[in-house]
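Two complexes follow with chain A in common, the first pairing it with chain B and the second with chain C.
Moving on, here comes the complex of A and B:
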């Protein structure tokens, strides 16, 4: 009788162990996470004196920034660095303001990636410079300025605004 | 050997000179850094309530103070959107010249640190930037207040335009940076407790009933969106709710059979042995 009871108890324990997982209640919990969107951009120019086109004569086209390389691609006028902290791809655009009513921004242009590639002429609205630029990448720009024949004498200045946004 | 001893100090001096020269030029080169971290873009608010979005600004890659001004470029008409800190004027001494700047905030250059410091300067926070460590940042709060009358389910897009500028630029073309921050605000009931009530079955039209001819594509571009998703066959690994239930209880059924068999067989075996 004792043997029967011990054997039955062992069988019951084994059976219980098998049955417990089936009786467990399964629950699904929704998990969500939000990662901050980081955009970290540094702009630097080649010279230590800002973007300078120097003294220019009227009726001259595509005068280069004084500090940039003109014969090779070694020194861009401006470098837009998409820093490593950035965690999205970025679109880079550029717009500018008129240097003077007689020197419109449409006379200014940029070449992206090399000094002798096709130039994009600027306007007061954003012009695309580069799209879907990955983090830890530099966008290099060579800058030029044309002076019309009727340009007013004197020192004139503009503001170049670089818009960097997440690539949609 | 004697020659080498004479040349060594000269070489050392030349190397030091080169290193210090490169350091000076590195200091001179202006680095205009505009860095932001935007938290949750999806915001929820109850009718008549307010919700807050946050944007952090830091400056660990630059060597000039970044002056940032923000403005609301898009928001639903009757919603109130405020930027904290608001735009204000400050006076700055730039190389001995006092300049007035309009800004919401400015961020001074700092360096990332490996561990989050315990002491944080007033009005600032440390934000984690992956492997770079922690950066000292300033927070801008975008407070969105919706009217009491706004309907639940309404969605509003808020667009904040930011512009960063740097003082003391001497070039013919000053550099600025611009960026936009978007927030999607949804008006909800605010009810946090979960409730679910079956309203009733969706009445099907004659053409939708089983057996009726169905087309998988809308007839025209103005096709009506189905309110209920069409049933999809279960994946090959699944065998429907009955099969799944059976599979789940199979160990328990086997255990039951084992117990019954044991209850019958063990006494018989034990008696035979005795």
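Moving on, here comes the complex of A and C:
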């Protein structure tokens, strides 16, 4: 009987202990995420595929791209669209290759934003076109080419390369 | 003795870990993403010529059988009616043009009058001179002067003679060095 009482007492004590309301326990867990930087662009040119300067005579300066507007700012030769998916501001740069040894790329130039603003002459290294361009913004370029005296006759081509990087 | 050795190893390992941590921390930021795009640019440079006949028709009005006005004279001309006119592009730019020649003939009783213009770009025209086609046989009419660079020659009839037709056989330009 005594053993039964002792056992019962122990059970009661245990039950009482377990019945005590539990205290709240909180613990913080740090969650982290890294969103990738995205640069999404579209480069488009007016008129026929590619930049077309047409047939030009030697010793002529600042000949415009055939498709761009020459009297107003309605049609740029090339548009670099910084698409909405981009989540950083961007710097836009431009470089080109020589059309021919007698027609260096330094005779090519661009005007940014309007057809009649000051031109920047190109080189084989990147030249800044626009800085801190926000997403969902177009960078518009009017392009020109000078043909030096003594330039070789015939068809010539160059590759214009546009570079878009995150603004530091 | 053993503990001392273990301690040394521990210090060495910790030092190496610290150096690695410092190197990693000293690295520049992750390279920024960049996009590049290429667009081809094309140009055709015309070759200057010392002399040239007409190579192609740039524009015209009231002229039929246009191709007869191209290349060297062959006794067959394009028919210029009423106040017809034609702009002819040469093979290339004639630098420092000094002579422009026109071959033409008339059909009908009246002698058609004509004017000659020259241009380097097909837009801005310089008056060269005028003449009168008096013969029913093809004749050459020469105009001399300092006409600059010429790539286009434009022939215009001046008056409307409905009973007269002017036949334009050829045009020609010659530079100073030719």
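Just so we're on the same page, the second predicted complex is superposed on the first by the 137 of 168 C-alpha atoms of A that agree within 3 Å, B and C clash if a C-alpha of one lies under 4 Å from a C-alpha of the other, contacts with A are read in each partner's own complex, and residues count from 1 in each chain.
Following the convention adopted for this analysis, a residue touches a chain if its C-beta (ideal position, glycine included) is under 8 Å from a C-beta of that chain, and two chains touch if they have at least 3 such contacts.
This one's a predicted model, so the numbers in the text were calculated from it and none came from an experiment.
Novice: Which partner chains sit in contact with A:96 here, chain B, chain C, both or neither? Use first/second/both/neither.
Specialist: Touch status of A:96: both partners.
Novice: Figure out whether A:106 sits in contact with chain B (first) or chain C (second), or with both, or with neither.
Specialist: Touch status of A:106: no partner.
Novice: Should A:84 be classified as contacting the first partner (chain B), the second (chain C), both, or neither?
Specialist: The first partner, chain B, only.
Novice: Have a look at where A:45 lands relative to chain B and chain C in the superposition and call it first, second, both or neither.
Specialist: So A:45 meets both chain B and chain C here.
Novice: Just chain B (first), just chain C (second), both, or neither: which does A:156 touch?
Specialist: both
Novice: So, does A:120 touch the first partner chain B, the second partner chain C, both, or neither?
Specialist: A:120: touches no partner chain.
Novice: Quick one: is A:164 in contact with chain B, with chain C, with both, or with neither? Answer first, second, both or neither.
Specialist: both
Novice: In the superposed arrangement, does A:37 touch chain B (first), chain C (second), both or neither?
Specialist: both
Novice: Would you check which partner chain A:53 touches, where first means chain B only, second means chain C only, and both and neither mean what they say?
Specialist: both
Novice: Just to be sure I follow: which residues of chain A are touched by chain B in one complex and then by chain C in the other one?
Specialist: Residues 36-41, 43, 45, 49-53, 78, 96, 99, 108, 143, 145, 155-165, which sit in both footprints.
Novice: So in the complex, the part of chain A that touches chain B is made up of which residues?
Specialist: Residue list for chain A touching chain B: 3-4, 7-8, 11-12, 14-16, 18-19, 21-23, 34, 36-45, 47-53, 78, 81, 83-85, 87, 96, 99, 108, 143, 145, 155-165.
Novice: Any idea which chain B residues touch chain A in the complex?
Specialist: 25, 28-42, 56, 58, 60-62, 127, 129-130, 132, 135, 163, 169-180, 248-252, 254-256, 258-259, 262-263, 266-267, 270
Novice: Along chain A, where are the residues that touch chain C in the complex?
Specialist: Going by the criterion above, the answer is residues 36-41, 43, 45, 49-58, 78, 80, 88, 96, 99, 103, 108, 143, 145, 147, 151-166, 168.
Novice: Which stretch or stretches of chain C touch chain A in the complex?
Specialist: Result: residues 32-48, 92-93, 120, 149, 151 of chain C touch chain A.
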